[in-house]
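Shared between the two complexes below is chain A, which pairs with chain B and chain C, respectively.
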Partner chain A sequence: MRGLSEPKNPPAFQIHKRSRRIFGLSREEAIRAFFGGQALVAVVVLALITVFLFREGFGFFAQQRAELTRYRRSGVEFVDLLRAQEKAHGELGRRLGLRGEAADRFADAIVPLRALLGELGEWALEIKESEESRADGAPTRFGEVAEITAQYPKIEDTFGELTAQLGTITESSPGLSPEQRAQLEKHLSGFGATLAKLRAWDAEKPVSGWQAARSFFFGRQWLTASFWQDFYGVVPLFTGSLLVSAIALGLAVPLGLGAAIYVSQIAGARERSVIKPAIEFIAAIPSVVLGFFGIAVLGQALRALSQVEWLAWLPGFPYAERLNALTAGCLLALIAVPTIFTLAEDALASVPRALKEGSYALGARRMQTVARVIVPSALSGMVSAVLLGLGRVIGETMVVLLCAGNRIAIPDFSAGLGVVTQPVHTMTGIIAQEMGEVATGTIHYRALFVVGLLLFLIALTLNYSAQKILGRYRLPSLR
Partner chain B sequence: MKMTKYNRSAEPKTPALFAAASRPVFGRVFECGSAGLLRAATYFVLCCGLVVLGDIALKGGRTVFQAQWPFVNVSFLTQAPESLHVFEYAGETHEMGDAQFRAFRANALRGAGRAAEPSSPNISGEQGSAVPAIRSQSYVYAAGGIWPCIVGTVLLVSGAMGIALSLGIGAAIFLSEYAKEGRFLRLVRLCILNLAGVPSIVFGLFGFGLFVNFFGWNVSLLAGWCTLAVMVLPVVITAAEEALKAVPSGLREGSLALGATQWQTIRRAVLPCALPGILTSSILGIARVAGETAPIMFTAAYVVRDKLPWEVERLGDFFFQGVMALPYHIYVVSTKIPQNAYTARVQYGTAFVFLAVVGLLALGSILLRGRLKKTYTW
Partner chain C sequence: MKNPLRLLSFLAAGFALTAIAPALQAQKLVIKGSDTLGAKLVPTIAEDYRALNPGRSFEIAAEGSSTGIAALISGTADIGMSSRRARPAELSNGAAKGVTLRPLIVCYDGIAIIVNAANPITTLTKRQVEQVFTGDLRSWDDLGSGAASGPISIYTRNTASGTYADFKALAMNKRDYAPSSQKLAGNEQIVAEVAANPNGIGYVGLAYINAPGVKVVAIEGDLPSKESVLANRYPYARPNFFYTNGEPQGEAARFIDYVLSEAGQQVVERVGFVPVR
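Moving on, here comes the complex of A and B:
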């Protein structure tokens, strides 16, 4: 109604409150913005990590492409095709296991090729190095590559000699078994393909960016600081990581899930109050201490165990390398078990009691209830626990750096399950090992960043899928 | 209706011959067997943990503890690492640290030199003949102590936790008090969860690329602090949020009803109530920060450094110096020097000290959290 307004206070009692506004916000709003900014830090950091890894990593592919172009144009690739033949010869010799005169002749057969290889190799290396160190505007030596490829007739002759030599070995050694002969035949028949490749090799064929990417993601060799040629292929490291993780999960999943089922379903309250903190305490053991334990005690213990006679039937036993994938895998299992245990136990404990009671009411035994009612309903939690354990194990650095043997080569899977006793190197280990030795901005530095990027994406994928499976949002590291 | 009492003894009894067949034997065997298997799995895991801890405690204890007062090998904890010299002199084998060895050798030379004075009839002017040549086998880092490493770790942890707590508690306050359900909140929570799953070596790489190279700080305390803080941030945020959520909403409502603003409510009613919980939960963060090697490997840690962190010329230099750290020292001592009886001493001693520190922090965190969970029943 008109005229009905608030009674005005007499002047002495009027409230004069000036509200201060900072940047147009009242004090409360400013405080809210301040805290909001702090919450934003997590977003900013994740974005920064992504941006940084991508930035440094993508520079790698451009540099790798230039590197591969130089590799091709200086003729080093051509020589490497020959070198592959020499390596295959050596491997064949090892596989055949020849003895006596045949072995000597086999070793002598490769000598002409090796000499040719040495000569051409030096030449190509000179061309490549002169290209790297020449001043701008100075003439390039790439033209000389044509002279290297012009040596093709000589290469053909050498191959012909080699074929003849291997033929005489086959004929004059009566003690050769049919498999050995078959292997020799196969080796000889591969010569045609190699010669065709050498004939078709073109120094000026351009290297595409796709090829540069392929050389990283599918390259089977990681060789750095070599005087010949650096190769940045991630396959040996990736298989090393996978192998060690597989061993670790193979040990940790049964133990972790079994312990979770025991503690949540079978153990009494007092036992539970002892076991749970104890396993959480195991989670707090720093990984470098576990790595040290592996070097000092576990490696030797496992090796001694493998030398025991009545265990010789196990694949891979006995072995001589103290530090290998098995040692690292066992320690990683010890790291993964608390993660898997905590999350699986949470999942099992949050199954509604009504399910359990209903099952008992229908007359089921305890283990029947557990196996048929409780575990299936907590399955998503248990799967998510295993995935997070896998993420933890793939990202673990110090244990693998100390205990896995640090041999950068694809493990020999022809040994079957015995592959676990071979030394491997992992993605995390290579970053930790080589980061201290690289100069900023070099291709090696960028390659390590790409490996880090790969790790980051793998960990993010595992984390995300684990959360999706779990269906609710929880932090794995706490609790 | 009349209810007759159920007469148990009037039940038809199973003949004794068939009594065994009616008992579910397989079921019971399966029950006991599988329960036993699961119990074995659980205790096997605990056993493994115990073996690791026990081995390091036993062998490390030999270096760190001693039989006489003060029962702790104080020199191990308060000296810098130095090389161990093992040599033979006068028919006995001696082991000495570097400084002691040099003094010993100087003494021995002086003693032999005195015997070579003109009054002695044996020496005919050849300086070297009467001086005993002391050939020593030296092992790097195998003598001395780990004092700089302890100092470095303490500095790294305090700085990192300082940064992480200030950022994390602020973020948690926002997430639990101020934020409304919406895109921004979901994004922040998603980022926190994903940040928690990133491997520590990627943090090291990120810290190396950003703080060391891009910002140009080089291997420094600052770079180490920032890298470690970023790594432990998700843990701190989650812990703080838990503690804040445990404060009953009645406290907030009462404060607001009395006319306080939101910030006043938080500052005077919520935070004091939640602070013990926040600090207790962040002890686990401290254990993680102290225990991580990979983030500090290229951002803050040096293999060896002869100056202690406070021996700087300018105050500004303090933040831009690298330090030695316990976990990195364990790594160096395990890989860069051969394994033998002499190096095992310092290896196990360092591992024991490190494990003791981290273990006590973790144990404290677990026990205090368990105690606090019980008091959260309002």
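Moving on, here comes the complex of A and C:
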């Protein structure tokens, strides 16, 4: 009403009340500007965070490409191809399980290759380090790599010796089973392929940006602060995150959805007034307190439980490490239950009463109504609740940093369900663990940002799908 | 606001307080870095120093040697504790930012290999230590008679730790740790996990070996102690450093002088490290 032109009264009756104006705006406009400004600030901050993440993280791929180029040009990659052979020899030894004299001869057979590796490795490492500390304009030592690859005949001879040694072991050990012989044969037949790779290796082959990206997203090793070569592969961390999230959801979804269905459909008013606040109270516990509880109590208790004799049939029981994916998964389930419960309960409560009443009118019993009418109608809300619970659990840091065991390796899925008792490391945990030690702008710093970016995109996708599912299947309200 | 003057006076008081705050903080010494030094030794010495010189305050954050050097380079710490030497990459990074990393040896330390108290093994060769921690040997049976049986659970520090890097250089021939090793944040955590796991093995500084549930393994007959470290008999001995930006000045210099004095070195010995003299 203020601001509109007012009718002109005779002087005695003119209104002289000045309308309060703050910064030139009337009070309503000021309030609107204030709240609108808050919303704008929130959106701007979100945009800035996204831009900042992308800016810091994207520099990683260019740096990784330069790093991989240096890895190749200094001959370190060549030596690693040889080293893979040494590792395979060790793996074979473990698989064969030889004993006594055969075992000693097996271990001795690899010694010439190991000595050659040591020599070439030191040389390649020196070339790489000289390149890293080289001043601009000084000559590079990459020319020496040709001399390393020129050692190929010597490598071939060493492989020949190794083949002969393994052959002698096979012949002079009558106690070998046919499958052990088969494994040895298979190992020996792989030598040809390795030698071909070594022969075809080219130090000057360019590294593409796609390869740099692939080395991150599909790399199976995350190794930093190494004297040899750093690898930034996210697969072990990603599988660790997925494993603890799967365990957490496996526990939280039945508990959370079951509690939601019970509280919203079956419980009486008094039960509801006790259970609902209790579950929502769990959300108030700080996650670092839960992590501490995990180290101090839960890890020990679960391990003692696994040592109980009549539980030994469970996959993965008994186990030795207190800090593993199971401990972290249980605590994360505790964190996820309130989220899933609250949202699922809201979804169930917003099913129109007409559906319930119609079902009763048609003669259905209460449990039939719940199972066949109400839960299916609220299904989209419950799925959305589970997705949001997953988003919460994947982003949780303190609990996994303290309780998941911090083993940076892809969990051994050949143990079947027993994989849950293995220690793992997660994407959130690695950021929290390593962020204190990285200097700004280094490749490690940027690699951690790309891991953060990956988490951000995962959480964004989960939230977006949760919203979409909720919106698409929302029932029209029947009044 | 009924009275705009009241608002102005509040703001003025706020500005005045923020001006005083830096002056109050002038006496605070920020020390960041190694968990080996910063978990027990430096807080103890800091307490003694504070008893002698009231009015000083310390902020000690022990998250690993690498964090200390990084903090010194970025200017957020006065002294960086480190249980390893700074790497060439860190020195050049510091030089690029105008920071000269100057090391000062404050004590010596031995890295002790610990196993669970129930494990019958008492001695290991250097080769066996390398094989265990790089993952060449994966089971206690492979260490010969006199050991427990079962898979070996390796507990190490994480990449922020100087002890992690020192151990790699001294014991593992610069090879990488086994992928099955679990990376823990500090010495106390390693002690706790090895004490709880009968298959566990790990390494800690000399000051942490007297905990219940763990026992120290001799390396080719030498147990880690002050005598064997000073006599250079124990193979995994290393100096621990304080890094400063150039020559230490002011409060930092006074504190470092106290650490290197007779009183400070007595505390070093009491906590379990080896004094520089």
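Following the convention adopted for this analysis, the second predicted complex is superposed on the first by the 436 of 479 C-alpha atoms of A that agree within 3 Å, B and C clash if a C-alpha of one lies under 4 Å from a C-alpha of the other, contacts with A are read in each partner's own complex, and residues count from 1 in each chain.
Everything that follows uses one rule, which is that a contact is a pair of C-beta atoms (placed from the backbone, for glycine too) under 8 Å apart; a residue touches a chain by one contact, two chains touch by 3 or more.
Since the structure is predicted, the reported quantities are computational estimates derived from the model, not experimental observations.
Novice: Which partner reaches more residues of chain A, chain B or chain C?
Specialist: Between chain B and chain C, the winner on chain A residue contacts is B.
Novice: For A:Glu280, decide between first (touching chain B), second (touching chain C), both and neither.
Specialist: The first partner, chain B, only.
Novice: Which partner chains sit in contact with A:Ala138 here, chain B, chain C, both or neither? Use first/second/both/neither.
Specialist: neither
Novice: Classify the contacts of A:Ala312 with the two partner chains as first (chain B alone), second (chain C alone), both, or neither.
Specialist: In the superposition, A:Ala312 touches no partner, neither chain B nor chain C.
Novice: With the two structures laid over each other on chain A, which partner does A:Thr440 touch: chain B (first), chain C (second), both, or neither?
Specialist: After superposition on chain A, A:Thr440 lies in contact with both partners, chain B and chain C.
Novice: With both complexes superposed on chain A, which partner does A:Ala415 reach: first (chain B), second (chain C), both or neither?
Specialist: Neither partner.
Novice: In the superposed arrangement, does A:Val111 touch chain B (first), chain C (second), both or neither?
Specialist: Neither partner.
Novice: Check the residue A:Ala66 against both partner chains and state whether it touches chain B (first), chain C (second), both, or neither.
Specialist: Touch partners of A:Ala66: none, neither chain B nor chain C.
Novice: Would you sort A:Met367 into first (chain B), second (chain C), both or neither based on which partner it touches?
Specialist: After superposition on chain A, A:Met367 lies in contact with chain B alone.
Novice: For chain A, give the residues common to its interface with chain B and its interface with chain C.
Specialist: The answer is residues 436, 440 of chain A.
Novice: Please name which positions on chain C make contact with chain A in the complex.
Specialist: Its residues touching chain A are 63-64, 66-67, 70, 73-74, 88-90, 92-93, 136, 138, 150-151, 153, 158-160, 164-165, 168-169, 174-176, 179-185, 193, 196-200.
Novice: Within the complex, which stretch of chain B touches chain A?
Specialist: 27, 30-31, 34-35, 37-39, 41-42, 44-46, 48-49, 52-53, 55-56, 167, 170-171, 173-175, 177-179, 187-189, 191-206, 208-210, 213-214, 230, 233-235, 237-239, 242, 261-263, 281, 284, 287-288, 290-294, 297-298, 327, 330-331, 334-335, 339, 344, 347-348, 351, 354-355, 358-359, 361-363, 366-367, 370
Novice: Could you please specify the touching residues of chain A with respect to chain C in the complex?
Specialist: Answer in residue numbers: 90, 94, 132-133, 221, 223-228, 300, 303, 320-323, 405-409, 423, 425, 433-434, 436-440, 442.
Novice: Chain B touches which residues of chain A in the complex?
Specialist: Contact set of chain A toward chain B: 27-28, 31-32, 34-36, 38-43, 45-46, 48-49, 52-53, 56, 254-256, 258-259, 261-263, 266-267, 275, 277-282, 284-293, 295-297, 334, 337, 341, 365-367, 388, 391, 394-398, 401-402, 428, 431-432, 435-436, 440, 448-449, 452, 455-456, 459-460, 462-464, 467, 473, 475-478.
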